[in-house]
């Protein structure tokens, strides 16, 4: 139940984010759309690793080493998401820098104005 | 826990979708950026519910924090150079 | 800015709806595992023994999938370098600097001075304890960076340790790579954390090289974030 | 051996190290960069050599001291090692190439380059699917950085579009990865391979991974973003983007395809072919060099992807084939992008400046040849093996489409090369930067070295060790010598080769060897006329002869095809040398390659994938009545007929022969066309009668031959241009030969053989004669000449003898051909095609008369009164030919009797009886000596009579003629020459409507307009590109998965 | 058969007979034509007079070597054609040099004279010569086609290319003639015959109305004499071929004289009936009528 809800939310966010990215002509809003979408991806990823009735993959007094395998949820997706988040930030930062650069060239943020290269 | 967690998740999920809608529909880019930050913030709570505290921390710090700031920086510079998006 | 309902948005809607079908198929076919799959089970059973870390996620990130993490750090490194390049090529108009949307006042400046050491300390705490509790190098690094951010907000005109940041970034990166190589020489492979003794399970100084690596990551990530923010802030020198 | 992990460690370490340097320590930063790249390349290369030679075994490199799949592992195998080498070296060489830009932007840019190279290597090495994603993201970001090296501001927009699309890709990839992980419990690629996923929910996951990776290959039509990068980026980076990135991304896709199992391969095939063909068509319309190269890159990667789709049938040779194409492409494309950095203008014809440096022209030619898959480069061997494997598994559609794509690619690449060689250089040329030139030459050397390696690794002979080819290539080195010295060498080489080889020849080979090799030497005598160094003439000439020499000796289908390609390439460059040769050379190479591909397909189908395939096996194929046999026949016949320029496939010939240089025309007409006949001989000799849908294919050939003979002659009589007239006449003559061959009887073959000799002699002679006249009058238009008989008597004699021989009027050798012809048709059951042949005989007489009349007879023009005889060296071979014709007329038995016996061994009959000087057939008899004697005696008697009566005739001036009611005004108006056969045009002109030209024109036009229409979708709007990408994904999803699972 | 010196004497005899026969016959034909038209006509020995006059002519010019050689080629062509074909069937004397070659030789040797003549005329530099040549060549390609088909058809019919054997096959009865055994072929060949006899309606090549006289424009004196000789010899030589192929050949000189005259008259009669065609008209005529008959002939044989 829980993972399904989370997953559905995640997918919805992806689609919404993509919709924003595909329809907004403002470059910043496009980038924003992508960040929403990647948040959605992260949610999906984490929800795939979730297992009902288990705890976070940290072994402490509550979760002794011996029954960790029976008590914790899948740690791998979490590790992946961690990486994905950082990478996402990197790409976003890069796109923002590009956006600024584009703005300086044309004094506009309209993506449809940057079409000198085509055909 | 069994019922509470899904309910909370559904609530936050809806909140995220709402925030995302706001981010898409908002007239002002600044508002949209804030709304997107909100999406990330809610997401980090959701991660906590999904038993992923590491992810939650990261999402909060990076996804909602730093990313939003980056946007504002760029937005600020662009505005200062005379762009008006509203 | 209202989104007009154009052909483009219609096409996008249709395409996304179809993509949604694919996603729906995925979600519908998904059933949570009842048991850990073999990879996860391996980690759950062997993390403590092999790495000495309490936080399995940390163990995976720093050791088992250390190569990913190295790449991840490199992503930030790259981004920092490229953002500097991108913005370096376009000089901002004179006179303006700073984010421009928050006034920097006396209060902020004083507050920053008081808060900054605490933030830095907290960041350090987060990444040093990465192998025990949630959090680690990335989160800690982000916290460090937020300290720098605050500093930037407070004193936009102040030129501060650009060279220092860059040096921290490079040195920690280099050491990271060297530790990885040390893993080949002293232990089982690249980025093996057992080049240092595993220590007592649950202690701060345990889990071999994980705290060290996470510290390096924290420093590096902090430096990289700071560098990105800084590049966005000031462009004259790039 | 240094562990491969150090490639990654070194790249990263050096990148981090750069941060310690001060901003202004650029030189040291560059030194570190180069050192690191050098180290990375060296490690990879060391592994590649060790693994290839078997010195080392493939290794898995573990990290974190844990076994996969619990920790990430890398793999260093043969493929990985070579690809890593390509990537490393490309990075290294590009660093030098990019040096000015890197120095300008400083250490950060260098760090980005290092990380880029490192990440690409990682992409190749890693065996972990998520690690793949990380490296992929690194590549994306690094690309975003390196795009900025360009001075072109548009690159910024291009980079942004690229990032937008990359976001979509990584999103899909991540979702795919996580669900794949969920289904498999592992992120390790080998684990995924162990449990292949079918079309289930998990199948969708792997689909997402695959489609994401394929998007990274810039598949047509979702690739506008990539093209913008190709166009706007710094050429040094574009080289990396195309050569290294493309290669790495393809290998990544290949890994996942290998893991996903054979069910997914059709996806790769279809998308690959779509890209290959689609971007090929679009490239036709490109005017910007770099964008064109971008399309070509995408196409080539699509080609390799299609090969990936065939990995299930390729087995052991998979690496050889896919690697061959991939690595050749990488080298060639990097080379071309580096070249484009030397050219200032961005138009295709701006490349004409390359002519300032012949070495660069050679490089350009080599790169084009590599891309098109011509020998001796790896792509050639790879394509050969690939086609055989496809034919062996009955994947004929794939085979056909790949060849079609290759042909389209050849179309735009060779068109471009033609521009570079023939177009005007528009602006003053400042000279090439030496360091950049050096970089290009590195790629050139690498390409040739790879050619050698692939040849050596091939199961077939290595072309770069074939003596004739080496001899031809040696002329590249000898270029600084004067032309006469090279000519002596060339002639000596040809004669020497013949003397060395001929004892082993059977009569058929002998005849062709005499015509092609010795005949070539005779024609080369004319080349002594040329002064100076004549750069660029001897290498292609000798390459053509090398191909011919090898063709004659070919035993297996591979040898035959390789020789065929070699002679095609050589002759292409020769034809391109002609003054207005550009369009004709292009259509020549396209028809030739089309023909070559038909031959390739034919051999592949014939061999059913089994190599080596001896040419004699064609016979077994025919005897076993294999269902594919008639198709093999058709393919091979079509291939050969492109060379003989049979009607329908002839439109390249007139221009190519007419515009060629004086001594080249006889080579390409007298000699080159015979290669097609040789092929047809072999084909018919082995396969004989084949039936398709109840039609005897040899009868079809009879008809084609007859039509060629008739229409060729008819078109010839309406030409005003002397060389064109001769060219059309070649079509007609070769039609006769084809006709004779296809009659499939003894005398018919003898007839064809006689045409081989006769046509060589008189067509070479006539081309030389007309060429000599052209040298003097500077025009090829016959009506501008006239009355040259007294000024150029030798040339006149050779033309006179030539046309008598050619028209078949007794007593010269042409009559022998006619006599054989009648005997041949008597033995055949076909009747109707003869009508055409009967008609073309007299028509030939028409154009020949026109040739001699309008040039040598009639009124001499005032501006020609001081002309001299043609240059000595042009006359020498003509006189040799005259003597040969006379000798051959009297003693045809000299050459033919042996061949007659040889042919008899095929048909098991002896229809001709050779007694003394006379020949008797089943139907008639022919005594050449008696004919010559009677005619000679009568002629001399009558002449004596006339001399006796008319010895005191007075030589009068030109205008001293009986003119009714008016006075001749000037030679121009008195010389009846233009539109000489006007009444004929009125009656028969409708038959020479350029239907065939219109047909081929319509095909190319429709390709072009398709391209023009399609490229409008590339609006340049990044958002639109993103929508297209999404559309591509959804459409592929719907088609591949049926949307159901 | 091999060469013996006596063959030269035999050949000379054949030549002598045929030339004289030709001289008289062509004059006779012209005289008949004149009488039919109500005129008196030329004397029967007119051709001899013309010949002598031309040889005796004193003003002689030349335009060059080819011009000089043109008539030589022309006459060689006529003489050669005659000598390569057996004249009288069954006579050893009048087999001429037919062992040098067969029907095909005859067929192609026709062009020898044409070529030489055309070359000579070409060198004269006279545009009308060239125009005449152009017309003649254009017309002959279409006109020869039915003959070629006919020859092909009869060689298929008799399975030989040897003229003597073809004649031999027609001996015995008049109904053994090709004319009766294979009328289609004969008709086809007669198209060609009419077309190449340089008589109306296919005589635009010589076209006296518009142009002096076509290819021979510039020729005079002894040149013309040679050509005149050829003009009486060549048609007869050609008729001999037709006679041999289609009309049973001749076993003695009387039969020869009658048959040649009769066949020759065919073209004369047609010429009387039809006005002259333009070149493209005659080409179309041969393609429209001659060609289909020829094709029928080879298909039905």
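In order of appearance the chains are A, B, C, D and E, and numbering begins at 1 in each one.
The definition used in the following text is that contacts are C-beta pairs under 8 Å (C-beta built on N, C-alpha and C of every residue); 3 or more make two chains touch, one makes a residue touch a chain.
Just so it is clear, the structure is predicted and the values come from calculations on it, not from any experiment.
Trainee: Show me the overlap between the contact partners of chain C and those of chain E.
Mentor: Common contact partners of chain C and chain E, which must touch each of the two, are D.
Trainee: Moving step by step between touching chains, how few steps can get you from chain A to chain B?
Mentor: Steps on the shortest route: 1.
Trainee: Please list the single chain whose C-alpha centre lies closest to the global protein C-alpha centre.
Mentor: D
Trainee: Indicate the whole-number Å distance between the mean C-alpha point of chain B and the mean C-alpha point of chain C.
Mentor: That pair's centroid distance is 18 Å.
Trainee: How many Å are there between the centre of chain B and the centre of chain E, using C-alpha atoms for each centre?
Mentor: 106
Trainee: Between chain B and chain D, tell me the centre distance in angstrom, where each centre is the average of that chain's C-alpha atoms.
Mentor: 59
Trainee: With chain centres defined as C-alpha means, what is the inter-centre distance between chain A and chain E in Å?
Mentor: So the centre of chain A lies 99 Å away from the centre of chain E.
Trainee: I need the residues of chain D touching at least two other chains; which ones are they?
Mentor: Touching at least two other chains: 130, 134, 137, 141, 144-145, 175, 179, 181-182, 187, 1023, 1027, 1030.
Trainee: Give the residues of chain A that touch two or more other chains, as numbers and ranges in rising order.
Mentor: 3, 8, 14, 18-19, 22-24, 26, 29, 48, 50, 52, 56, 58, 76, 78, 82-83, 85-87, 89-91, 93-94, 96-101, 104-105
Trainee: Listing for chain E: what residues touch at least two other chains?
Mentor: There are none in chain E.
Trainee: Chain pairs that touch, all of them, please.
Mentor: Every touching chain pair, ordered by label, is A-B, A-C, A-D, B-C, C-D, D-E.
Trainee: Sort out for me which residues of chain C touch chain A in the complex.
Mentor: 1, 3, 6, 8-9, 12-13, 15-16, 19-20, 23-24, 26-27, 30, 32-34, 36-37, 39-41, 43-45, 47-48, 54-57, 60-61, 65, 68-69, 71-72, 75-76, 78-79, 82-83, 86-87, 89-90, 133-134, 138, 201-202, 221, 228, 231-232
Trainee: Could you pull out which chain D residues touch chain A in their complex?
Mentor: Within the complex, chain D contacts chain A at residues 130, 134, 137, 140-141, 144-145, 153-154, 156-161, 163-164, 166-168, 170-171, 174-175, 177-179, 181-182, 187, 224, 227-228, 231-232, 285, 1015-1016, 1018-1023, 1026-1027, 1030.
Trainee: Can you check the complex and tell me which residues of chain B touch chain A?
Mentor: Touching chain A: residues 2, 5-6, 9-10, 12-13, 16-17, 20-21, 23-24, 29, 32-33, 36, 39-40, 43, 46-47, 49-55, 58-59, 62-63, 66-67, 70-71, 73-75, 77-78, 81-83, 85 of chain B.
Trainee: Residue numbers of chain E touching chain D in their complex, please.
Mentor: My answer: residues 3, 8, 55, 60-66, 68-69, 71-73, 75-76, 79-80, 83-84, 97, 99-105, 108-109, 111-112, 115, 118-119, 122-128, 130-131, 133-135, 137-138, 140-142, 144-145, 148-149, 152, 155-156, 159-162, 211-212, 217-218, 221-223, 225-226, 278-280, 283-284, 287, 291, 294-295, 298-299.
Trainee: Would you mind writing out the residues of chain C in touch with chain D in their complex?
Mentor: 8, 11-12, 15-16, 18-19, 21-23, 25-26, 28-30, 33, 37-40, 42-43, 46, 50, 63-68, 70-72, 74-75, 77-79, 81-82, 84-86, 88-89, 166-167, 169-171, 173-174, 176-178, 180-181, 183-184, 187-194
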